[in-house]
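You will see chain A twice below: alongside chain B first, and alongside chain C after that.
Presenting the complex of A and B:
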């Protein structure tokens, strides 16, 4: 796939080049594949609900599908369905969908959790919102909605008009009451929902043995805003695009918008003009720098304390980017700048001024990064705090479906911008940063170096934009007023957001609104690994690990 | 002060006695002495409290702001100085929320212990210009002892709040204070070896001697210059002792919310907050006295209090600088630094100093 010529992409998608592989897969699955399905992004195999673990572990061990990117559940008229979107960390374009239908009367399916740890939360979410039950799941509770919620909001028979009447006693405080166990030396501690280190409204149920963390369980859902459902009730053409800005709301707006743009453009076969792709690439990388600056600043808050200068320094530098983005999009955070088939408008006039400002920023950036290295990563205390804490081994990270700087900090070379190219990335000269430390320090370094790589990308985009012939500056493709993709076309598409792989699954039902709209949030998957990273370490390490994951609760809870 | 030939005011006449003379209270015997001591204490206390009042709501914000690239308060009065009054009104008029599980009266006593212990320490500090309340022969030991009482206050606050964050903060405070009190005192001992006395005035006087005579001016024999190694050790141990960055474990904002002070509000919070600043200043005062020549400085003797205040504020400034620039160490690392590093170094320093003093003597 290259250069964003989407028709080529399309032809590749519908007829996967790897025909031989598919035969091998058929051989591997044998009788267990009861039917075939074709998704736009990947071939699909339909399997029995009882074969999930066997099939997924075979695919992982024999065929190399080691990345369970997402689990999508949905209800049809006659059945429930869970789709396991599989990929390879080595080659994310090699995708595979495992479709597991279950009957409406008895929506029970085998859990994939023993094979992929990441399935834990993904299946809990599917149970919570759709109502599919997963047999053998270690802890099948609601995850986004309160325990007392009646019904499953995205299932077919759910009555949205009906108020949720919950008695006071039922609606008990989710924060566990103080309790004492006679034979135990541990202490239970609620970190959050209101706590300075949770970066939003997150509740971490922690069991402490002295200062040592014995057990951690993040409790999420405080910021659940029905984003998937809202997207399902908006039209493809205009009404969905404003929502992605609100997932990872801190600075990554354009990156999120691109996730939806990429999915819908592949689904509706829209070709984006190259000029618009260059603007998108530049805008997205500006967002990435802003987001990484924020990540660095808040991580410093966690390690330094609340009065650290680093936080304000990163905000000072981020502010320059916010100004640039405001000039470009007209908004500081909720950009709503991408359109299906392009971007809303061209660069602001006078263009020279915009270029000059952007170049000024890029010129100053190396000195600023050097300052951060002086102030933060070069500091001995910072190093003793961060090196070898929050250790996340590559295999564990993969099993949890971690992506972005989190997995790259564990030495896994996985970046969708390079491995599954979109936009203008494959025409530009830049590198994917990986670090082998697997610890908090590696993740911080990874982000700081990615900032420099993003700057490289922006610089090249600026060069291109400056020299672009004036009569070829098409910012939008010709897209029909109403988009109605064929019924029952399914696609799962992901982009490299600031936090990792941000994926969108869309199933069209023949109308101008999605039949199912599923968001695969990188923060959601990354946060799952927190327990693995912090158990056995000290409280300050838990806080630092949480900071180094760089989660945004708006994206975790959606 | 280079030519310390003039009568050293601080060592001869103490503040209460001078007040007694001034007001004629000395003629009323013991009652008069008590009263003049009380007046002296009020003067010293007001001085120190006024300093914390400036430091807490105003200077701290301004200093942190300039480190962190901000403007901070600038609306009320010149440079926002009126915030002191506004903050005082705000703090005092808030409801004092006392948690249900609080263990009273420990919960109520803790802020008083924290503040009181720090204020007591100032009794023996020679602040220059003749301001010193008492000058016992065990002055330095007394200052260390009362400053150490604060950790009891922290534990009380931590455990009596009935909050787990407070409890963790309190536990950390004890571990930290035990670990750093020893190097602090041992390093302080090396100064005593030089001066040959625990009496604060003697230590100050000893430092007024010129170290190097440059003709026109002379570099005084401040122990920070004589033994910089001890000075650095003492400074580090002091930051840990008063719980400042990079050793702000007991509070650890972002980890323990606000540690031992999480549950304090209104007047109690003011006291706890005040106590923190008082301890920073007491630490600064001890450092100034035993390492920086106390009120020693150029100009007439009457300027002593100015020099002394400047030195305390220098230490305070340093704490704020560290707060903006230095990460917090972890509790186990802190204890490790204390027991394996500072303790050994402080004893090495003591041995070395003893040897040097012995050779010179």
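Presenting the complex of A and C:
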């Protein structure tokens, strides 16, 4: 959003604030706020690049904005801009955007890393893709692209046709360069990028002291598929929706589609029919169960190498859910079922058959969950592996911007479905699951109990859908063929994905394509906490911690 | 009588029953070893074939797959291995975690620039003869991400591929069909020609000294392996 001329800035400053809070914030920031901006989701303050740390730490300590949800960087014709999207864990609807413009010639801005640990990776990503440099950042390297990459692909003047070189060299032990020395007692170990325990193409550079983990550095970017670029080159109406399915591809497609649907519907002011919201809620929760089942199955695989029983059991249940979702959407995994303003079509005919199948699944679920508890959580070996390993204290989790079952397993009661309601969630009866264990075991239990809560939600949705009057079954709102939101409107919206807070920032530029499309991925933030959870523990606990974070590389790398 | 008490009496003879084996089996081979194939051979337990054909037949029916998950398709690949679809029915259900034990590599996902050299290395580590199934649109052309600045336009730019399974992602049934087609090809002794691909691992010192190479000269050693992506030449 352009800050405009002096008079415009003045008029924005004198606008009636949306609450007493904003006056307090203005007082807190004082002269450091050089201008105001209005984003659709939150008020914005423009600050100088040298004040970032002071402003963010004041906002965290004095005003309670303790959740740095996302850092968006973008290039305008005349400047670079970093936006810090702040929230409160206690109330995520209380949002604030801190906008930090820097000049094109010298895009240097102070790093927020000393205030929020999560800014570490977010700023590295901004540097990698956009080219903003962060002063005082402990380790400003490329994160998604190879280190030998030339240029910053999402900046204005990038030429995609230019050749690039990528090296295949041995990784160096950051603690001790040559571990073959006689008096050396640390060993450097590469886990991945091709390794069964990394859930994809993650590369974990590990330094071991005996069997203890001395240093961990996740190296990501092996699946960086330019999702943001793809979304920026698609039109709002239909061309973007297929991509969210491919961020978190563990059958969590509808949850991801909802993130985009929510952002664009709020941006373009589209009202979704209630009936469509109920279908969305039901579909999304089916996806959550499928996703948690996979998390459970692969976690069992990681922790006790169980390819035969638990893994197969969870896949049996996933097959049932995928059949249901296929009936609903027409696809097993990449649903592309949501539309801007609703869903693609109504429930499959005959409806009774779909309801019967869905209810059969729900009826069988409690017995299956009991079976999992017998097989997994009640297993002594499993408990030894999981209890008190991979400990993540709530304050640390907050500082890393962890969300979803990871933060709920650390006792932080934070779930956007309840705290920032969307869809039909606020009218249904269900609970947010939290666990105080802070360890791998708590995170697993959290997921398993969430499966039961999701089943409760689905059941209520089925009841609603069954009784919905036939002539009021609107699946889509009336949305124009081409969506062109007003230029320079900005919005950041998040939903509760399977892994946590999945947010999307869109800036419109007056055309039918987004000017900037930024994805805040929960796994990206969650994975950062891995070092905190596993350093000083044994190497098998590192694998268990990685499994309990339940990352999906498609979403980490985007 | 409970089993923990010692048995007092022995009713039958304790002599070794060496004479009963023939009597038990009767004429011909043991029933338990019989099969359709054995029946077809009839009285003669010998067949005459070319060694190569025999080896190809064996190879096709016992394929060790590489456990290789990249992206979305790997989830469908796991479903193919798992219950319901059960790829093991076709003698191809033992995923090996090490490329050195594997015969077949299913490439299930998008290959991006950073992963290209790693995939090439994993492929090189597999022992000959080796086969590759490309799973999904991304391995054919880059799929939905083809326009991306970082996406290799198909796995075939880097390694030879025997079977392409289209889809985004392909259903497990489609992957099974692809694997069966590969079995068929292996049994017939067919495989894709291994030729030099557009993107090869080369020593940095061997590259022509153009602008990019000169720029990176102080970062990369002469004998480091590099992969050079000429995006403008990509299909």
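Rule of thumb we're sticking to: the second predicted complex is superposed on the first by the 518 of 558 C-alpha atoms of A that agree within 3 Å, B and C clash if a C-alpha of one lies under 4 Å from a C-alpha of the other, contacts with A are read in each partner's own complex, and residues count from 1 in each chain.
Just so it is clear, contacts are C-beta pairs under 8 Å (C-beta built on N, C-alpha and C of every residue); 3 or more make two chains touch, one makes a residue touch a chain.
In this text, all values refer to a predicted model and were calculated from it rather than measured experimentally.
Visitor: Applying the document's definition of touching, compare chain B and chain C: which contacts more of chain A?
Guide: If we count touched residues of chain A for both partners, the winner is C.
Visitor: Is A:334 in contact with chain B, with chain C, with both, or with neither (first, second, both, neither)?
Guide: Touch partner of A:334: chain C, not chain B.
Visitor: By the touch definition at the top of the document, which applies to A:211: first (chain B), second (chain C), both, or neither?
Guide: first
Visitor: Determine, under the contact definition given at the top, whether A:196 touches first (chain B), second (chain C), both, or neither.
Guide: Once the two structures are laid over each other on A, A:196 reaches both partners.
Visitor: Classify the contacts of A:543 with the two partner chains as first (chain B alone), second (chain C alone), both, or neither.
Guide: So A:543 only meets chain B here.
Visitor: Can A:381 be said to touch chain B (first), chain C (second), both, or neither?
Guide: first
Visitor: What is the contact status of A:74 with respect to chain B (first) and chain C (second): first, second, both, or neither?
Guide: Neither chain B nor chain C is touched by A:74.
Visitor: Return first, second, both or neither, reflecting whether A:304 touches chain B, chain C, both chains, or no partner chain.
Guide: Only chain B; A:304 stays clear of chain C.
Visitor: Check whether A:312 is in contact with chain B, with chain C, with both or with neither, and answer first, second, both or neither.
Guide: Both partners.
Visitor: Answer with first, second, both or neither: which of chain B and chain C does A:229 touch in the superposed model?
Guide: second
Visitor: Which parts of chain A are in contact with chain B and also with chain C?
Guide: The answer is residues 195-196, 311-312, 316 of chain A.
Visitor: Can you list the residues on chain B that touch chain A in the complex?
Guide: My answer: residues 64, 67-70, 164-165, 168, 172, 245-246, 248, 252-257, 323-333.
Visitor: Applying the document's contact rule, which stretches of chain C touch chain A when the two form their complex?
Guide: 67-72, 74-76, 78-79, 82-84, 97, 99, 109-110, 112-122, 144-145, 147-151, 168-169, 171, 201, 204, 207, 212-213, 215-216, 219-221, 224-232
Visitor: Using the touch definition up top, name the residues of chain A that touch chain B in the complex.
Guide: Residues 187, 189, 195-197, 211, 300-309, 311-313, 316, 375, 379, 381-382, 384-385, 538-541, 543.
Visitor: Could you please specify the touching residues of chain A with respect to chain C in the complex?
Guide: Against chain C, the touching part of chain A is residues 145-150, 153, 158, 160-169, 193-196, 199-201, 221-227, 229-230, 233, 242-243, 246, 249-251, 294, 311-312, 315-316, 318-319, 322, 332-334, 553-554.
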